[in-house]
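So that you can tell them apart, the chains are marked A, B, C and D in the order they are listed, and the count of residues begins at 1 in each.
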Amino acid sequence: MSFFSQLLQYVFTGVAVGAIYGMVALGFNIIYNATGIINLAQGEFVMLGGMVMISLTTGLKVPMILGFFISVGIVTLIGAVIERGAIHPLKNPSVMTLIIITVAASILLKGGAMFIWGKQTYTLPAFSSSTKPISFGEASLNPQTIWILGIMAASMIVLAIFFNFTMTGKAMRACAANKLAASLVGVNVKLMVLLSFALSAAIGAVAGIIITPVALMDYDRGTMLAIKGFATAVLGGLGSNIGAVIAGFIIGLMESLGAGFISSSYKDAIALLVLLFVLFIRPGGIMGTTGEEKFKK
Amino acid sequence: MVGVRKNRLRVVGIFIFVMAFILGQGVIFQGFAAKKPYKIGGIFAITGGASFLGEPEKNTARMIEEMVNARGGIYGHPLKLIIEDTAGDETKAVNAVKKLIYRDHVLAIIGPSRSGTTMAVIPIVEKKGVLLVSCAAAEAIVSPVKKWVFKTPQKDSDAVRRIYEYMNKKGISRIAIITGTTGFGDQGRKKLKELAPDYGITIVADETYSPKDTDMTAQLTRIKATDAQAVVNWSIVPAQSIVPKNMRQLKMNIPLFQSHGFGNIKYVELAGEAAEGIIFPAGRLLAVDTLPDTNPQKDVLSFYKEEYEKRFKESVSTFGGHAWDALWLVVNALEETGPRPEAMRENIEYTKEFVGTGGIFNFSPEDHSGLTKEAFEMLTVKGGKFVVLGED
Amino acid sequence: MNPLLRIEDLRKEFGGIVALEGVSFTVIPNIIKAIIGPNGAGKTTIFNIISGIYSPSKGKIWFKEERIDKLSSHLIAMRGISRTFQNVQIFNNMTVLENVMIGCHPWTRSGFFSCVFKTKGNYKEEKKIYSRAMELLEFVGLADKRSLFPSSLTFQQQRLIEIARALATNPELILLDEPAAGLNARETIKIAELIYRIKEEGISILLVEHDMDLVMDISQEIIVLNSGRVIAEGNPREVQNNEKVIATYLGEKEFVKDKKP
Amino acid sequence: MGKKNLYALAALTGFIVVLPLVIGNPYYLGIFIFWGIYSLITIGLSLLIGYTGQISLGHAAFFGIGAYTSGILSTRFGLSPWIGMIAAIFLAAGLAFVIGAPALKLKGHYLAMATLAFGEIIYIVFNQWISLTGGPSGFGGIPAFSIGNFSLESDFSYYYFVWGIVLFVFLASINLIHSRVGRALRSIHGSEVAARCMGVNTSGYKLKIFVFSGALGGLAGSLYVHFVTFVSPGTFSVMFSIVLLTMVAVGGMTNIWGAITGTAILTILPEYLRAFQDYDILIYGAVLLGIMIFLPEGLVLGVFNIMRKKIILREVEEEKLKLKKSR
């Protein structure tokens, strides 16, 4: 295999994986923007998306497309329930409380998934009927990768339309910019928080559904996806959606190239090292917020 | 305000009630213990990452308990199985073994499921002198020989030998290995590298993947770039099913060998069409249907398979078979010697020609494993099923 | 007399927005000096720069002839500048007494080791801290509340704890950020009295305050800030008659004397 | 230290001393030993999280570093376990310093994620540095502590050994809390800016307490490894960091007694919960969530407060009744 086709192969791999990290990071962003919370249960939404889809299509024989939307709907509902059950009842929670609460929610969802689906690993059939890889010289591309990229792009467009052209989306952005001001002009901030959880659950579910055919799915997938997704969000600048997508591809490529040209042993550590590196080099946060401005708030 | 407080109180109340109930239960169970049962302990990784081992082991052990008691126990004494979960964790295993020994006073223990947990509990059973028949594979468990410790799974090194013998026959001498980073994968990797020179085999690529890995194309691309004539994928976790999928995607047409850790039909389902043609060594349980009637294990295997699948509505795996062998060894010893631990230990140590699911066991004071490489059969996947590869 | 604090050509910007520009002034020992100005004039920003919470974009600050603009907050506190906060920053997880005891931090030395093993030195020092804190609680009149948690006290009392805490550092200069905000007339008089008493201890006071009665009554010097620039400086009378100041405050009720209910 | 603390500490010590004399069963002793070992970590976490207000989701890593250091030195290099223990403490502390110095500049969620990532990286290293750690299969044959010729192998002697250390650390921590340094730590939790303006070197103290809690983790790891005599990476996963956090939260974060209580509850209870084996992860999640929503002060203080409120409420009602009657 020539060097070039090896490289191309790693790029294919990195792009597919990176798209997923990008989508998990989008989920982080949506909640962070509306609430300032980092939802550590984000990875569980991805897992649930995949699992619900598996039950619907292979268990209940629901057609793929219908199953897709029902699954996203169910996980969206779960996201909303988490907000109502765990975040909403808190009055003036400290950051510490919020961290622990979302960690607890993530364990609870994981445990619930284990209870429902057991500990087995499941798979989904590929979206396209032909599973034949597409050849580019010696390198080859899995058709599912094209689905992943396509659906990710579609989700991005839907999100962009939602945030820029609908009243609710604009209200959510207002919340992100200034909560107090938003509430003064009549935006229901509490409702926006609920919506942000629902929306980010939906994004997570979409990610979960599209990766299951290639990556399989089990109840215990969430944590690692959440950590890598967070690393992506931070690298891209927490809150920036375009940044999340670009950072997703960067981390995905770093992983596949690292595993390919250096060693596969420490592949999982790459995203984590990127996270630490970024956090440590710019301790005030990536958005350019400094300690001073934090104090001002 | 008052409403909130009431709610809080109710939550606390419920919590206390539940706790009291749980604590109370422990007492009740002890109080109603049956008359003079023979107590055997079982510790398996029923939850956690290794639950695919512990679950069938637990089921199998329960099944044997029922069978024994249905035929009137052991000379009238009911067999009482006390099963504990290790979650694959050493700390929990240590606690569980101590509970079995010091609180439940069991006569013998079968399990644990994992090599790590077995190694962690060995000092405890050796010190107290309690018979332990492990369901874990690592050779370190019985080598050097420990007085009170036996094991039923086949040896990793024998699996490697069978693969290498087969490769020699097919003229394969340059191979790539890709192993999972779990205890099982790691042991396999060591044995693969250790035994390769004996068979004139060169390992040209050595890759790993974590149990949570979702994509191995990067590792496989590296392998593709070498001149390997075959790939050995050694792992016990579901992630191993991604390797054949990715190989297909990369259009790698060299043969794929896997380990006995592939011996679970679910893994074939996960890999789908890509699983076709995978070659791996395993106990004969998996391919019992395609086994000739003359095979001495055939009866035991079909009986176990039938009973298990009838009861638990899921396909049988070799892992449950390890518990089958372990518990029957203990039950047989109990029947022959009575509830005397030292005698039971000696009985097992001198057991010969015991036909189990894993093979035909011949124990001796020098060998607490009892199996040879003949316990393995080379199998392959055909039409989504395990079949005996045969000598072609 | 050598100035205690000297600020020269201070400039601060936040992401392109200039909050302070060319601010220079001095504080001499044992004086009450007030900084006034409309909201957003940059008064609190000056405090935050002096106490090292922000670093200035440009400019120099001397305290007792030593440059302090590059030092971090705790080192500035150790050199003798203490402060209170506009939005009371009290330690709600500690008792009133402990809150004041924290103030003794700069002049005490006990480290990890001596604290863990309760060495003799630590024991002696702890006694000293305790008596100093009690002394200050009596000074502000909260000695009987020492074992309560601040959250159960009134806003005014929390302010007083902050002042006692600031005094516990044994400062030579204390920065009071709106000590009378949110207080009624009677409480304000009490605060004014307290500020006088602090000055009598030989401590300089730099004051940010909106209550003009209070400012005019107690301060000897006043700086007027508008949009980040000093527009006037002098004694109360000079400032009150300054045209720029009147223009700035035109229409602001607070500035007009004796109009308070 | 106040009188209340002194009495409570005396009661705890008495309880600890008498316990094995009443319950001599090695099974229970083993559980109490784990209680002690985990308490060392949770005491450190309580100081870090509850008192100083800095979260860590990676403390299992220090526990692991301690365990591996002590284990490797005493088997592969044949050194005395005592040397292993000292090395474990120093290596864990050193690592805490290296990671803490940059990480503690971060706040809230960022700090949580940085420590989580650190914990995960260390876990990956345990798995992948096979030549040193034995990889995923781990290694065994680790010797027990001994004093002269007396081996601390038996559960009985090891229990007293571990709890001797725990009580010492506990006393030291209580001393620390009620001292100049302790006040400084708590002031950081209260308001970091105000603390700095009172002359508290906040970053210095944060780092010191992080290193201290890391060192305690290392010590606990060493005690663990010479008791279990076997070590593999699974024990030190991120999930264990979360279990540790749950222990601290259940007992009550803002009180060091909560650390020991919470650890007791979550070490001993699961042994009773063996009947629920499959759902322990569900139970952990539910307990943590429930505690944070309904009893953020922790189980001990929370229940106590509710009882107290109830009593006060009843007294008020009685007073009202009396008033009515007298009218």
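Brief remarks on what is shown
Following the convention adopted for this analysis, a residue touches a chain if its C-beta (ideal position, glycine included) is under 8 Å from a C-beta of that chain, and two chains touch if they have at least 3 such contacts.
As the structure is a computational prediction, the values presented were derived from the model and not from experiment.
Judged by contacting C-beta pairs, the busier of the interfaces A-D and A-B is A-D. Taking each chain's centre as the mean of its C-alpha atoms, the one that lies farthest from the centre of subunit D is C. Between subunit A and subunit D, the centres computed from C-alpha atoms are 32 Å apart.
With centres defined as mean CA coordinates, subunit C is found 71 Å away from subunit B. Averaged Cα coordinates give subunit B a centre that lies 34 Å from the centre of subunit D.
Counting partners per residue, subunit A has 265, 268, 295 as the residues that reach two or more other chains.
Along subunit C, residues 53 each make contact with two or more other chains.
In subunit D, the positions touching at least two other chains are 124, 128, 193, 278, 281. Residues 25-28, 30-31, 34, 124, 127-128, 130, 135-138, 140, 224, 228-232, 234-235, 269, 271-275, 277-278, 280-281, 290, 294-295, 302-303, 306, 309-310 of subunit D touch subunit B in their complex. Listed in rising order, the residues of subunit A touching subunit B in the complex are 1, 6, 9-10, 12-13, 16-17, 119-123, 131, 133, 135, 140, 142, 211, 214-216, 218, 220-221, 224, 255-257, 259-260, 264-265, 267-268.
Subunit D meets subunit C in the complex at residues 172-173, 175-176, 179-184, 186-187, 189-191, 193-202, 208, 212, 254. Those residues of subunit D that touch subunit A in the complex are listed here as 49, 53, 55, 57, 102-103, 105-110, 112-114, 116-118, 120-121, 124-125, 128, 193, 238, 242, 245, 249, 253, 278-279, 281-286, 288-289, 292-293, 296.
Subunit B contributes residues 47, 49, 51-52, 55, 181, 207-210, 212-215, 217-219, 221-222, 224-225, 238-239, 241-242, 245, 248-251, 266, 269-270, 272-273 to its touches with subunit A in the complex.
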